[in-house]
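Just below sit the structures, each encoded as structure tokens.
Presented sequentially are two complexes of chain A, the first with chain B as partner and the second with chain C.
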Partner chain A sequence: MSGIDLINVVKRFGALTVIDGVDLAIAEGEFVVFVGPSGCGKSTLLRMIAGLEEISDGELRIAGSRMNETPPAKRNIAMVFQSYALYPHMNVERNLGFALETARLPAAEIRERVTKAAKFLKIDHLLDRRPAQLSGGQQQRVAIGRALVRQQKLFLFDEPLSNLDADLRMEMRVEIARIHREVKATTVYVTHDQMEAMTLADRIVVLKDGRIAQVGTPMELYERPANRFVAGFIGSPRMNFLPGMLVREGEESVLSLAGGRHRLSAHDYAGDVSLGIRPEDLILGGGEATLEAEVLLVEPLGGESLVHLNVGDGRSIVAKAQGRPEIRPGATTVVGWNHARAHLFDKDERALNPRGA
Partner chain B sequence: MATGAIRIGLNAKRARTAWLFLAPSLLVLFAVALWPLGRTFLFSFTDAFLTEPDIYAYIGLENYFTLFEDPLWWQSVRNTLYFTVVSVSIETALGLAIALLLNAHMSGRGFMRAVILIPWSIPVVVSARMWQWMLHDQFGILNHVLKLMGVIDHGIAWTANPDLVMPVIIAVDVWITTPFMVLLILAGLQMLPKSIYEAASIDGVSEWRQFTALTLPLLAPSIAVAVLFRLLDALRMFDLSFVLSSNSDDTKTVSIYAREVLVNFQDMGVGSAASAAIFLMIAVVTAIYVTVFRLNRKLLGV
Partner chain C sequence: MVRSATGRRLHRIAIYGLFAVVALYTLFPFYWMIASSLKSGQAIFDVTFLPDLKFNNYEAILSDGVFLRSLLNSLVVAASVVALSLGLAIAAAYALGRIDFRGRSPIMFLFLAVSMFPQIALLSGLFEMIRWLGLYNTLGSLIFAYMIFTLPFNIWVLTTFMRSLPRQIEEAAIMDGCSPLRIVRCIFLPMMGPALISTGLLAFIASWNEFLFALTFILTDENRTVPVAIALISGSSRYEFPYGAIMAASTIVTVPLIVMALLFQKYIVSGLTAGAVKG
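Up next is the complex of A and B:
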């Protein structure tokens, strides 16, 4: 048993509330990613789990027991830091073995565990080097190795890849996924990169202003965002939003946009809405609903292209098209979508669903 | 080829500019340091007297023989080394302790950091006079307080008692220069990455082991530099001893010895020999220290 329970957890710095009542249950062996813009409290929440920040209110349980007052060392966790936090004056081998040395494990066992972790992370040829002599990616591997050798049931990662360049980030992402598959430790991972969140997580926790905006599997968050914030945060390029008005007309609701009226199945809500459509759900030249659009810019990405369009009253949206569409900036075209792929948000930015759905 | 030629031309130009900028300070350095030093060495081989320094003859190493046969010189050397080792040790330990305290997150840290510098910012002669008055056997506040507390019933002559005067001088020196150590060590402490302590605390490393295994080795370069500064200062200490106990043989430092021979006895030859010996002594200590430290760093791999 090494699940984590957060029960109405609060963190205040003086008058400032950074974590504002978070409830979350993380199952044993689960890979949970905290994601959100900077300042949303994701790192603070992780540090509260680690014991590096005190918990102002609420309760933290690890494996069922209250941990609020337990010092970090007694929480049976291993943590990987954004800055790697390697000991600069020790070589890789001592960095890996330092915690075990401190715990007075027999030298033979330390050597065995260090060798095993180093092989596993492909850093066994670097054991004599000091951190300053390693590349960023290698340092990150050592940092992960240092967490691995302690054989804890709970792994915490605080933005571990944000100091790496794009190639290495991808490589280490795959590496972390592999480690989780093989070690099966409960993992909490903080990132601001929604791509890392989507690819690594069993479940994603989207945080905004110290509160949970939505919790769900990556595909749940992508397909059924609970609010406009999550809809905009998950997915790249981000979802397009168009303002409109939803009115009930008999057994149907009618959505009025700047460029036209669209009949939808009945919604209980009526009033100002925003319509959200992902770039990949926009169809150039067709769809169940369409808008007139002027082409602003075509960005070819190779296999696909991003088409920037001006619709209605000067609002620009982005559509993702396969290949390289035969359109030029300045041309007028029609852009459309299917109602099933469109998202509606009420004036409080909550997702709207048709009646009965 | 062409670019190579241009690069050499540019480098030569930059070197010329560098020398141009260095020239004024080199000139001043020569005038106030190298020239007098050279003259000192020169006079140390002569029989010159301060009254008529232009009339002298070269007498070889005779001044050095005179110097090294003088038991008072050797006592000065012993006094100086004793003072240096004891005061610098105490100042380092105390400086480290206070720096660690100031580095901890506590309220009023900025204020404390400013206040602690006060003793160091006072000119040494002023501090020495101040302490001399506080240590006065009849009117000094220290004896007054001790009497009030009932520890003693008659005033102690702190600076006149041969057993007490050296400890007193060391104590005053500690009071004056510990802030300097604190400042240098604190600067080193604040360079240490915070995250390694968080990593260590999660990994179950106790605070004491964090101190011995992380802080001390990482702080070693800062401490070493601070100790070197203090070492050089202490080896040529003059003012404290001169003010607090000007004529006592128990606290005579090599600097005081050299001045005494040169000014009081007017013997430029032996005085210069003493000065040259002091210079060599400091140079040797520094060389040993730097070499040992460099070796250490290589071994530690800092």
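Up next is the complex of A and C:
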């Protein structure tokens, strides 16, 4: 058993509360990604699990035992840092074996484990190089290898790909997914990139201001965001939001937007709302509900295009269209959506569901 | 900047001219010392710029047991000061640079304040301490006294250097199961090479050249260090002042410093600036 349990965990720096009561259970072998904007506390939370930050309140359990007071080295955790944190004066082989050397393992076993990890990560031809002689991607592999050789049940990644360029990032993302598949260690991964979160995670934890905004599988978060923050954070380009008013009329609710009124199934809530629709759910020229729109700009991306539109009272939204639609900036068109793909949020930014749903 | 061809030439002449003046200013005393050491007898009082290449001053000084003994003493003192002050400064720098505790910056300023006192102000107090510790007229008294000015400087430089080392490397070592001692020994020390060399070298030079403490705390010839020994070289009669011998001795004493400075010059600069500029 090597799951992680966070029970009402709090972190304060002086008067400032950075982590404000986080409850989370991570199952053995699960790949969990902490994601959120900078300053949301995701790295702090990871460092608390690692033991690099003290826990101000609450409890951390690893494999069922309380770990709050356990020093980092005794928590059986391997960690990969954003800056790789390789030891610059040691060659790759010693970098990989240093933890085992510290643990006084026999030299033969260190050699064996280092060779195995290096082969697994395809860096076995670099063993006698220094970190400064490696490319960013190779340094990253060494950093991961250093975690691998320790054969721990628990892996922590702190924004490991953010120093790499786009191509390498994709390559290493695939690599990390492969490692997780083969090693099956419980993994906690911190990133600000929602794309990494979506592709890697079994479950995503979206953090905002030191609290959990939502926990769920990538598709749950995408399909059913619990609040406006998660809705805007997951998905790219981000979800469009239009302000409106929801009024109850008999067995139906009516949503009034700046460009028209739309009948919906009955909601318990009435009042100010925002309507959220993802760019890929907007339909040019159709849909169950429609708005008049003026085309501002068409950005062709090859297989698809982003169409920037002006709707209602001068609010701009983005629609994703397949191929290259035959419209020009300045033209007037109709943009629509299907009600099942629309999200409603109340004035406290919580997601609204129709009665009975 | 765009200049005409003559302008460029004038510019270059001006720069080399300035170099020449600075070089003359700094190197002439050394040249004079070496040139004088190579003259014998009365020739030393003639103003000639070319040396005679006579080595009898060196023969005389190198056959002088007291001088050789003082060379050895200086070496022992300077090496001990370097070893002790680096050892203590590394430990202090780890604490001051890496561990958060209350009163860290007052301590740093205290170190700075200590190094600001002129030597002469410390002399009588130090004398009492040395007598009380039973170190009077031993090399230990000098090692003890020199640490007063080498330690604060070493601690300052090493602390700023230690602070500039990436924190994530230390954290990686913590996750790898290293104790603080192992972090300092296996991770920080190798990374601090340039800073250690430059601070060590400066501590060596300061102790090697020190005169006032060496004159005060040492009574007998066999415990003297080189600067005092040179000052006390006397001629065969009270009317003869042995300039030649003094110059030869000074030259011998300067050579190791120059050799060391040349050997390590590349580290000295990078060591002293590494702490100052982040990244």
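We adopt the following convention: the second predicted complex is superposed on the first by the 357 of 357 C-alpha atoms of A that agree within 3 Å, B and C clash if a C-alpha of one lies under 4 Å from a C-alpha of the other, contacts with A are read in each partner's own complex, and residues count from 1 in each chain.
Operating definition for what follows: a contact is a pair of C-beta atoms (placed from the backbone, for glycine too) under 8 Å apart; a residue touches a chain by one contact, two chains touch by 3 or more.
All values reported here derive from a predicted model rather than from experimental measurement.
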{"item": "Fit or clash - chain C, chain B, common chain A", "value": "clash"}
{"item": "Touched partner set for A:77, first chain B, second chain C, both or neither", "value": "both"}
{"item": "Which of chain B and chain C A:87 touches, first, second, both or neither", "value": "both"}
{"item": "Which superposed partner A:98 touches (first chain B, second chain C, both, neither)", "value": "both"}
{"item": "Which of chain B and chain C A:130 touches, first, second, both or neither", "value": "first"}
{"item": "Partner chain(s) touched by A:266 [first = chain B, second = chain C, both, neither]", "value": "neither"}
{"item": "Contact breadth on chain A, by residue count: chain C or chain B", "value": "B"}
{"item": "Partner chain in contact with A:52 - chain B first, chain C second, else both or neither", "value": "both"}
{"item": "Those residues of chain A which chain B touches in one complex and chain C touches in the other", "value": "50, 52, 72-73, 77-79, 81, 83, 85-89, 98-99, 102-103, 146, 150"}
{"item": "Parts of chain A lying in touch with chain C, wherever the complex brings them together", "value": "50, 52, 72-73, 77-79, 81-83, 85-89, 98-99, 102-103, 146, 150"}
{"item": "Chain A contact footprint on chain B (complex, rising order)", "value": "193, 195-196, 198-206, 209, 213-214, 217-218, 300-302"}
{"item": "Interfacial residue positions of chain A with respect to chain B in the complex", "value": "50-52, 71-75, 77-79, 81, 83-89, 91, 98-99, 102-103, 130, 146, 150"}
{"item": "Residue ranges of chain C touching chain A (in the complex, touch as defined)", "value": "166, 168-169, 171-178, 182, 186-187, 190-191"}
